[in-house]
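Multiple structures are listed underneath, in structure tokens.
Look for chain A in each of the two complexes below; its partner is chain B in the first and chain C in the second.
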Partner chain A sequence: MLEVQNLSIEYTTEDGVLKAVDDVSFNLDRGESLGIVGESGCGKTTVAKALLRLLPENGAISGGSVLFHGEDLVNKSPDEMRRIRHRKIALVSQSAMNSLNPVYSVGHQIREGILAHSDIGRQAANARCVEVFGMVGLEEKRLSSYPHQLSGGMKQRAIIAMALSLEPDIIVADEPTTALDVVVQGRILQRIRAIQKQISTSMIFITHDISVVSEICETIIVMYGGKIMEQADSASFFRAPYHPYSLGLQNAFPSITDTAGEELVSIPGTPPNLMQQQPGCRFRERCPFATDQCRSQTPPLVKVKSNHHAACWYTDQVDDFRTRARDRDTWEAVRTRIEQQEAPQQ
Partner chain B sequence: MLAYIVKRLLIMIVMLLLVATMIFLMFRTMPGDPTASMVDPSIPREARQALLERYGLHESLWIQYRIFMRDLVQLDFGNSYFYNRTVLRVIGDRLPATLILMLTAMLFAYTFGVLWGAWMAWNRGSRLESVGVTFSLVFRSAPTFWVGLMAIMLFSVTLGWFPAQGMRTTGYVGDSFAEVFLNHDFVRHLILPAFVAGLYFLATPLLIMRNSMLEVMSEDYIEMARAKGLRDRRVLYKHAARNALLPVVTAGALFIGAAIGGQVLIEVVFSWPGLGREIVQAVTRSDYPLAQGIFIIISALVMFMNLVADVLYALLDPRIAYR
Partner chain C sequence: MSEGPLIRVEKLTKYYPVRRRLRRLFDREQHYVRAVDDISLEIERGEILGLAGESGSGKTTTGEIIVRLQEATSGVIVLDGHPLEADTRADRKRFRREVQMIFQDPYETLNPRFNVFETIAEPLRIHGVRHKSEIARRVTECLEIAELKPAASYLHRFPHELSGGQRQRVAIARGIVLEPKVLIADEPVSMLDVSIRADILNLLKRLRRRMGLTMIYVSHDLATIKYLCDRIAVMYLGKIVEIGPADEVIAHPQHPYTRVLVSSVPVADPDYVREEVSVDDAPPDQINLPEGCRFTPRCPFAQSDCSGCDHRLLERRPKQFSACIYAESELKPRSIP
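Now for the complex of A and B:
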């Protein structure tokens, strides 16, 4: 249904051009739920905005295509794009707290979205509002509440209700639960999942929290520095990731299945500066296994299993990597390496 | 809400009495002789004394003050020394002229300023934006009497489109409010001064709206509104402008209060018989009752508009509730 092919996105800044997304491709089928994971600044939100063509003014799609039902969204006129937003591709935005207009009631805002795309009339639109509010578990009387009268979890559910109101083909959820506490987050995730199955809509779930993806997504894409590092079936990925970055991510998040009391290990260093276009793997600076080849040549995304791809030159050595990645010292060595590199510059 | 308004009105009354006291003292301590404007300064001392006694000006300050306050609470502002008519009548004659002029100018400035300001923020960096900022600031900074004179030169003298001065053609006498103000002749006289005053007022709503829009436009709910597939115009006016309007409304309501005092320069340049001109004359003539009356009325209006601003704010922004 949705085919993203070789998508590249650039931001023009005062210091030059920043390539925020580089050569990203993926497919999304009807009813499928895809998780895009990565650190802040890895380009995941940019991908989400590009799908809706809501990039900020200094951002532009510099290459590739976004085929939606076979039509390229990149070439759509603003008005054609406007008709696709919300009705076909709906957004559940990053900051639910601030995504509702403070001067209109929640019901008004949901109804407005419905009426922008159909002429069913206020009555029917109101009925639909009640219906979607029911789906996300909010009381009907809350429709007349203003955003400031609702709790964070309620606002988030109201936004989800809004996204559902026209039964879109795709829901793009950009960090929808980041601002919520863990308990509320869990409840909302379950609800999203249930509704998504119920109305068989597809979903792109963008998050920095890899454990969220394991709960609700069938497919996972790990992004780093604007590129896809690993792309796989969730089950396969969580059983055995291939990319050293994914191995590092696994260490950095607590897992319920792992032995309790295990220490979390973070990946040392910071994401790369995307202003400087250099050849080689984006992750090389922080990768414990980087070689000269990683510095000079960009690894392609290669198939390692069915439904499992990784962008690493050494996918054949993954067993060795996995063992070493579990060792805290492996990552400490990277920290020392980065510190040594930075020292002379200061 | 209602309780809040009542409370505010009561506070207003107390404040007005304080303001009245200050105004009373201010005029008595000011140099100048109130009898000078009523009679020839060279009249005999006895006649002058008689005049002072007639107006009670020979009494001590305290007694004068008590009489003044006693009358004031009965809304009796006394008689103007100069016109020999009650102050309320004099103000009543002048206030509508000023109100109509100022409200027209404000309507022009705010309608135009708000819409253009919103548009400017939406099309940031466009040529029309820099034109707007420059244009409004030029007219804000230029002396209004100069702009007024230039406008008269261009539109009255050269083009002959509008009359140069006054509120109506000489010789016209109307009895009722409608006859005086609701006619073609009056509107023709109104356009030029209202336009010049409006140009002067324009910068405030325009720039506040623009800045506040720029702030609002980076809010997440604007992106959300666009993600909902709303038309640009709806996002701009229904979502962005609606929120950006809040500071403009406050500025506007306070501004009305201040504008009622009249733009003295404009009234003088266009010989507009408004309150602004009257107040200057009353002060120079030491016409205590009239000057006091006008100042108190203006204070009351400023306070009242403050209240209106607060109430409007609550109506526009559901997050604000008064108790």
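Now for the complex of A and C:
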């Protein structure tokens, strides 16, 4: 249904051009739920915004296409895009719950959206509001509440209800639960999963929390420095990731299922500066297994097994990498390497 | 130094008066939000205690009262044998030296016009360290303990020139420069990227070993609490509902609320089988509290007896206390509306 091909996005800044997203491709089927994870600045939110053509003024799609039902969204006029947004592709953004208008009731705001983007009547729109509120688990009487009368979780659910109100083909959710409490987050994730099955909407779920992806997405994309590092069926990914970055993330992530005494190991270093375009793998600076080839040539995304791709030159050595990645010293060596490289500059 | 726990909190309460609305004009009764309501706990020397709970549970308020950013409505805090009541200005200053705090947002807690050196040197000056060489030595030492090495390359940087992780390290260096006995950390990693969270958590662990620090770690993230803390206290609407060894509380939660909390944590393991405990996620009313156990309106196991619960902590497993009137084995499906 959605085919993103070789998408590249650049931001023009005072200091030059920043390549935020570089050659990203993926497909999304009807009813599929895709999770895009990565650290801040990896380009995940930029991808989401680009799909809806909501990039800020200094951002532009510099290459590639976004085919939605076979039509390229990159070349659509602003008017055409307006007809697609919300109605066909809806966005639930990071701080969406703060974007509700404080002087209108939430029901009013949802109804406005329905009336503006479709040709159904006022009564049908009201009925639809009640229906979507039911789906997200909010009582009908809450439609007449104003944003300040609702808790964070309720506001976020109202926003999700708004996104659902026109039965979009795709919902793009950018960190929809990050600001919420664990219990509320758990409940909202459960609901999203149920609704998605019920109405077979596709979803792109953007988050920095890989455990959330494991809970609700069938497919995962791991981004780093504007590129896809690994792309896989989530069950396959979480059982055995291939890319060294994913292996590092696995070590860095605390879980309530960890046995006592296990030590977390972070990935030393910081994400690359995307202003400086250099050949090679984006992760090479922080990768314990990087070689000269990684510095000179950018690894393509290769298939490692069915529904599992990784952008690493050495996917054949993954067994060895996995063993070494579990060892703290492997990553400490990277830290030393980075410190030595930085030292002469000072 | 005296024997016994380093911090003892007894019957601590914090009530916030609620502003009267017009329609309550003739309502004589003053209403309160009982943010912290009669909690008692002890923290041993060198221990890391996790305070867990949702927003509004009182965990941050408790932390802030212990550092005295807020005054308690009633209750006693005893630090190292000294009760902190009716104290003089000098006492308070001494206390501030011994109890320090690290906040959630490293982007907002550092003064943008102070460079790293000034940020860390300020508490030293306030507490009467005058010698320039002494200040420089302590600042450098603390930066190195916080793993900002070589310290000299960071001294003249401003907050905007640092990454999130580096800023949090600067905040930690500032927190430890007075060699406090207690460090209170309120969600110190929740704003940081996953790949560097582990570094900060490991740093906190090392601080405990190296400086013998006692810590209170306030967070809603059970996974980081489990990693860092020896014990965990779970709070709900101002009450401690469960307290015990962190691993045990997470593996065998005794209070229904803790069970709900544990079952809500997302886990990055497709083979993980979770206990599904469903709960109403409507936010609890903080003013009109139910009689008895405060979790009753949402509890999947509530019975009519729950209105008689007084939140007394009962030892249900070794060193693990729950405020539920039922043992885990006695829980039955909810029977009240």
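Methods note: the second predicted complex is superposed on the first by the 337 of 346 C-alpha atoms of A that agree within 3 Å, B and C clash if a C-alpha of one lies under 4 Å from a C-alpha of the other, contacts with A are read in each partner's own complex, and residues count from 1 in each chain.
Keep in mind that, in the parts below, a residue touches a chain if its C-beta (ideal position, glycine included) is under 8 Å from a C-beta of that chain, and two chains touch if they have at least 3 such contacts.
This structure is a prediction, so every number in the text was calculated from the model and none was measured.
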_Clash-or-fit label for the pair chain B, chain C on chain A_ = fit
*asked:* Tell me the contact category for A:238 with respect to chain B and chain C: first, second, both or neither.
replied: second
*asked:* For A:148, using the defined touch cut-off, is the partner it touches chain B, chain C, both, or neither? Pick first, second, both or neither.
replied: first
*Between chain B (first) and chain C (second), which, if any, makes contact with A:219: first, second, both or neither?*
neither
*Considering only the touch criterion stated at the top, classify A:315 as touching first (chain B), second (chain C), both, or neither.*
neither
*Who does A:201 touch here: chain B (first), chain C (second), both, or neither?*
neither
*After superposition on the shared chain, which partner residues are touched by A:266: those of chain B (first), chain C (second), both, or neither?*
second
*asked:* Tell me which touches more residues of chain A here: chain C or chain B.
replied: C
*Per-pair minimum CA distance [chain C against chain B, superposed on A] in Å*: 6
*In the superposed arrangement, what residues of chain A touch both chain B and chain C?*
none
*Which part of chain C faces chain A closely enough to touch in the complex?*
54-55, 149-150, 153, 163, 193-199, 201-202, 220-224, 226-227, 247, 250, 260-272, 279, 281-283
*Inside the complex, what are the residues of chain A that reach chain C?*
39-40, 137, 151-154, 181-189, 208-215, 234-235, 238-239, 248-258, 260, 263-267, 270, 339, 346
_Contact footprint of chain A on chain B as seen in their complex_ = 219-221, 223-232, 234, 238-239, 242-243, 316-319
*Which residues, counting only chain A, touch chain B once they are in their complex?*
52, 54, 78, 82-87, 90-91, 93-95, 98-103, 105, 112-113, 116-117, 146, 148, 159, 162
